[in-house]
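Next up: some structures, all given as structure tokens.
Each of the next two complexes has subunit A plus one other chain: subunit B in the first, subunit C in the second.
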Partner chain A sequence: MVSYGDLTISILAASLPLTMPILYAAIGEVYAERSGVLNMGIEGVMSLSAFVSLWVTFSTGSYPYGLLSGMAVGLAMGGLHSFVTVRIGINQLIAGLMVYFLALSLGDFGYVIVTKTTYLHVRPISPVQIPALSNLPVLGPILFSQNVLVYASLAVALLLGLILFRTTWGLKIRAVGENPEAADSAGINVNLVRHLCVITGSTLAGLAGASLVLGYLGLYATGDTLVAGRGWIAIVVVIFARWSPYRAIAGAWVFGLGYSIAAIFIGSGLFSDLGPGSGYFLLAIPYIFAIVFILLFHRGTKSPSSLTVPYKRK
Partner chain B sequence: MTRVSPGKYLPYLLGVLVSLVLFSVILSAFGYDAVTSMEGLVSGSFGTTFLASETFFLMGPLLLAALAFLVPFRARFYNIGVEGQLYIGALFGYLAAAQLGGFPSAVAIPVMLLAAAAGGTIWLALPLLMRIKLQVNEIFPTLVMNFIALDVVNWLTAGPLKDPLSGNLQTPALPQSTWLPALIKSTQFNVGVIVALAAAVAVYFVLYKTVLGYEIRASGASPRAAQSGGVNVSRSILAVGLMSGALAGLAGIVVVAGVDHVLAQNFSPGYGYQGISVAALGSFHPLGIVVASVLYAALSVGGESLQRSVAAIPIDLVYALQAIIVLSVLVVEKWIGDRTGRSR
Partner chain C sequence: MYFENRKATSTTVIAAVVIVVLIVAVAAVVLATGSKTSTTTITSISTTTATSTKPSSSIKLALLVGGDTTDDGLNDQGVQVAQWIGSTYGWNVSISQDVAYSNQGALMTSYAQEGYNVIWADGNQFIGTTEAIAAQFPKVDFIMTPTYDGDNITKNVVALGAQNQATGYYLAGVLSGKMTKTNAVGVVIGQWFAALSYEFYAYQAGVHSVNPSAQVYLTVPGTWSDPTIGYEDATTMINTNHVDILVPIADTTGLGVISAATVTNTTLIGTVLDQVQLSPTSMMTSVLLNMTAFIQPVVEHIINGTWSQIGGQIQNLNLGYLGPFHAYDSVIPATVKAQLTQTAAGIQSGTIKVPFNNTQNPPSTP
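Moving on, here comes the complex of A and B:
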């Protein structure tokens, strides 16, 4: 017999690690979009970086190396995306989707090659039990016994929120996204800012993929069954976080909760008496959340004015 | 835009050339023989009647999926949800076909195709209405509906519609009268391709030879100018949405009724997404994508042959090549366009 109290705590405790990759990716996408560039490729970037970081950590035994290599993958793919969209100026939506296909298939290719000889897996990074607090009932397991990447994701959201809204760098980024002509006349190098934002954003997507595999799953799966839509969800999070890293925390958590409900319910077998295949309904939960959220919060959301519009000096 | 000039095909040739060079470099880097692999791609997609029939079969769903993306794209409505609409279209087509066993093919097949078209359109209805009534950008609703569609079909093929006699997650077979007839006996090459080609011609005609098509293209070129010029942009978007969903539904049913003859879990390896690549590769022109769909299908079928060959090159590398080709073509096209003063 499953206790509903325990079930609720399990769901909430699992929701934070499931929030983490979505949050990293969403903050990165906030930066790219704030500067005026849509990056639809992050789902693929997350998948490729998940494979690379898993492989590196498996081979070297080092989690930091794994994380760094995942971020390097993000950086490289960000360089590609910003080259084709900012430097050349091709359609950002199509470019992002191609980056998605490219990264996803390269990750799967690498995995197929490597697993010819080995079974790739790592032990996910262990949780840090915060002294005293982790022993609290209910709150302890939910908030204070998570791994360091979970805490870091919250810190990164706060830090990058601060930079975006409280520094001149942030002001420049927002100016470039809202009114590139004005930003240019004020002496800001519009396309340089965009390159940097896209690359930063994609590097965070790389960190998202690395954190998913090193901080939670510990293994890889081909055909986009690993990232399983978290990258797409991150882009939806950006919309109703209204392009703010702070609000992205709440937005990402809502979907982390959706994934957590699905995972725990399927694991508990509570719905198995609804007939074969009914578990697929639970898998649809995060996506139904997404549609409902778009319907509820579409009012008043206004994307950066120059989003998807390439900038050419007159 | 329809004017043919000698330089028009240059970007494609250059783009494909650039990607093949990149592909060779990647192949060599992983210790494969680049030249043999390239030959393998060609002989593996057209080398035998069987392989060629597979290539031309695959062209059907790819072309329909590409049209489903292209039509609304021309009115600046970005339907990323073709994959989901394709699954729901296949589901509706299957449900209709299952009731049509007693009818001759001449009745059963058209009714099944209509049901599939309706299914695709129904799955696009919510994002379409959200866009028209609430001004919600369609990219994310259409994308998210893909995953829900997949879960719906996964549930039905594992539960209520599952064939109890099969170990696979799939429905029982469609009645034979609803199978799309083969064009070459006992190959995969079937009437689905004709459906796709007819759809491409129809889309060309609607886009370039009718008032509606003019309004659609005007809405896409500059929504504000079109609106002030008396074009009802919402009506254009409604029209492209209805056409797009229907085309996506057809893309699903030509696979199910053409080759699989059952509705199976994960029957589409992402035709809906690949259609976006094909549309971009065909320069978003209904006739250009006919050529693009053959190239894309040949790469997929050739890639599968390479995977089965002695070299056993994972097909993922060919998927990567497909993305590289599209990116290269778009980059070269834009680069040349900027330098010759032609803009699009």
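Moving on, here comes the complex of A and C:
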């Protein structure tokens, strides 16, 4: 017999690693969009960086190298996206989709080539049992027995929130996204800020892909089945969070919780009596949550004024 | 003004060049990887190793699979067998991987119109489309692996019965029933089809034939393509139901199951191909599918012009068997190995009857 108390703890504990990749990608996208650039390519960047970080870790046995290589992939793809959108001024939606398809195909291509000789898999980074705290009832397994990448995702969100809202750099970013002409008049190099924000955001998308592989699954799968839409969800989270890294923590967690409920209900056999359709219904839970939360919190949602608008100096 | 125009022109040119380069790069990569309904054509592979009695390089075979070779399972096996046909019989073989549901009909029609003599649709998801397209092209021979019992197929179709792996899963059940320490084992099936349910019921019967008190848990995540869901699903079965042997029949979702089992040192049983490389430490064995035993006679009927002897048939063959035990070879007691050998012999001689059950809906969990 399934214990509902244990099941609840399992759901909450699993929700945090499921939140992690969405959160990394979402806070990166907050920066890109705050500066006025939409990056629709992050799903593909996550997939490519997942492959590269897995390959590097598998080959070298080093998780830091794997994480850095995943971030480097994000940085390079961010450089490409910022070049075509900020430097050249191509439509950001189209450029983002191009980056998505390019990165996704490159990841699958690399994986198919590498797996001709070997199957890439690594043991995911182990959870850290925080002394004393991890033994606490209920809270211990939920909050104090996660891997370091989960804690880092929360720390990065808080740090980038502080930078965005409490520093001059953040003020410049927000000014560039809201009124680039005024920012330019004030001596801010608008396009430089945008380049840096897009590249930073894409680097975090790279970290998101690397964290999914090294901090969770330990494997890669082709055809966008590994990231499986979490990059697109990160873009939704940005809107949901009203372009705030702080609120992105809650937004990403809503989806992580939804995924966790779905998977653990499936695994526990609850609702299986409803027949073969129960799995489909449970898999829809994250999206049902999203609709409910958007209905509850949609008021006051306003995107940065110059989002998707290229800036050319007059 | 002149400089502004010149700058604008130069930017437009750069933009155009970048777009073209990106499009070419994407197209090249997509074509090279075989992603999204990619097609690989093997034209008249050298027949230096051919064993065919009647090489027939004029015959063109098209294989359609729903995923790609990285699954180390059904898709990979279909590609391997098709390549073997090309190299052994000298057929022109075209392989389409990652065929989406929405592309099945168009792709099969295209092959038929391009003069392909044989179209092989490998996977449950192709059943309906194959029936429809076969009816439109009566001169093209179609192979379905598998179809469901009672399917009213036309004379230009030969199909493998859905229970083809049941004997292998029965043996896997016997092994699991003997090896479980927690008296709880689990099966993860991506989506429930009546045609797939033979495998679950045969496995369950195998477990209970040697260990009637063992619990056989089943989960149906509803997706073949989300390893994250597979990971959490398996983790929950391990933590909540204490299963110590897991059988994933779930494609990419199954990779997540394998990952979770590897991390928790839970024993695995693979499917279709020997999946030991997916988890060298946890993969006890795999239920292998001897697809060649079905395909080779079909190929030879086509070459010999005796298709009429098999056309319209659903062939209920027992193609499932257990693969090597790898790291578990020294762990599995000799008495259990002997029992597996006796069971396989009993199935072969008919003294042991493997139940061929199927249901539209999955059974309730214990």
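Following the convention adopted for this analysis, the second predicted complex is superposed on the first by the 313 of 314 C-alpha atoms of A that agree within 3 Å, B and C clash if a C-alpha of one lies under 4 Å from a C-alpha of the other, contacts with A are read in each partner's own complex, and residues count from 1 in each chain.
Here, a residue touches a chain if its C-beta (ideal position, glycine included) is under 8 Å from a C-beta of that chain, and two chains touch if they have at least 3 such contacts.
Not measured: the values here are computed from a predicted model.
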{"item": "Combined model on subunit A where subunit B meets subunit C, clash or fit", "value": "clash"}
{"item": "First, second, both or neither for A:L93, with subunit B first and subunit C second", "value": "first"}
{"item": "First, second, both or neither for A:H121, with subunit B first and subunit C second", "value": "second"}
{"item": "Touched partner set for A:V236, first subunit B, second subunit C, both or neither", "value": "first"}
{"item": "Subunit B versus subunit C as contact partner of A:D6, first or second or both or neither", "value": "second"}
{"item": "Which partner, subunit B or subunit C, touches more subunit A residues", "value": "C"}
{"item": "Touching partner for A:F165 - first (subunit B), second (subunit C), both, neither", "value": "neither"}
{"item": "Which of subunit B and subunit C A:L295 touches, first, second, both or neither", "value": "first"}
{"item": "Partner chain(s) touched by A:L102 [first = subunit B, second = subunit C, both, neither]", "value": "both"}
{"item": "First (subunit B), second (subunit C), both or neither touched by A:G267", "value": "second"}
{"item": "Touching partner for A:A221 - first (subunit B), second (subunit C), both, neither", "value": "second"}
{"item": "Identified clashing stretch of subunit C versus subunit B [39-47, 75-83 or 201-209]", "value": "39-47"}
{"item": "Subunit B and subunit C contact sites that coincide on subunit A, given as residue numbers", "value": "84, 88-90, 98, 101-102, 104-106, 108-109, 112, 222, 275-278, 280, 283"}
{"item": "In the complex, subunit C residues that touch subunit A", "value": "11, 14-15, 18-19, 22-23, 25-26, 29-30, 32-36, 67-70, 72, 98, 191-192, 217-223, 225-229, 231-237, 239-241, 252, 255-256, 258-259, 262-263, 277-279, 360-362, 364-365"}
{"item": "Subunit B contact footprint on subunit A (complex, rising order)", "value": "84, 88-91, 93-95, 97-99, 101-102, 104-106, 108-109, 112-113, 222, 229, 232, 235-236, 239, 275-278, 280-281, 283-284, 287-288, 290-291, 294-295, 298, 303"}
{"item": "Contact footprint of subunit A on subunit B as seen in their complex", "value": "30, 78, 80, 126, 130, 134-137, 139-141, 143-145, 147-148, 151-152, 154-160, 162, 169, 273, 276-277, 280, 314, 316-317, 319-320, 322-324, 326-327, 330-331, 334-335, 338"}
{"item": "For the subunit A and subunit C complex, residues of the former touching the latter", "value": "2, 6-7, 10, 14, 18, 83-84, 88-90, 98, 101-102, 104-106, 108-109, 111-112, 115, 118-119, 121, 123-124, 212, 216-219, 221-223, 225-226, 228, 259-260, 262-264, 266-269, 272-273, 275-280, 282-283"}
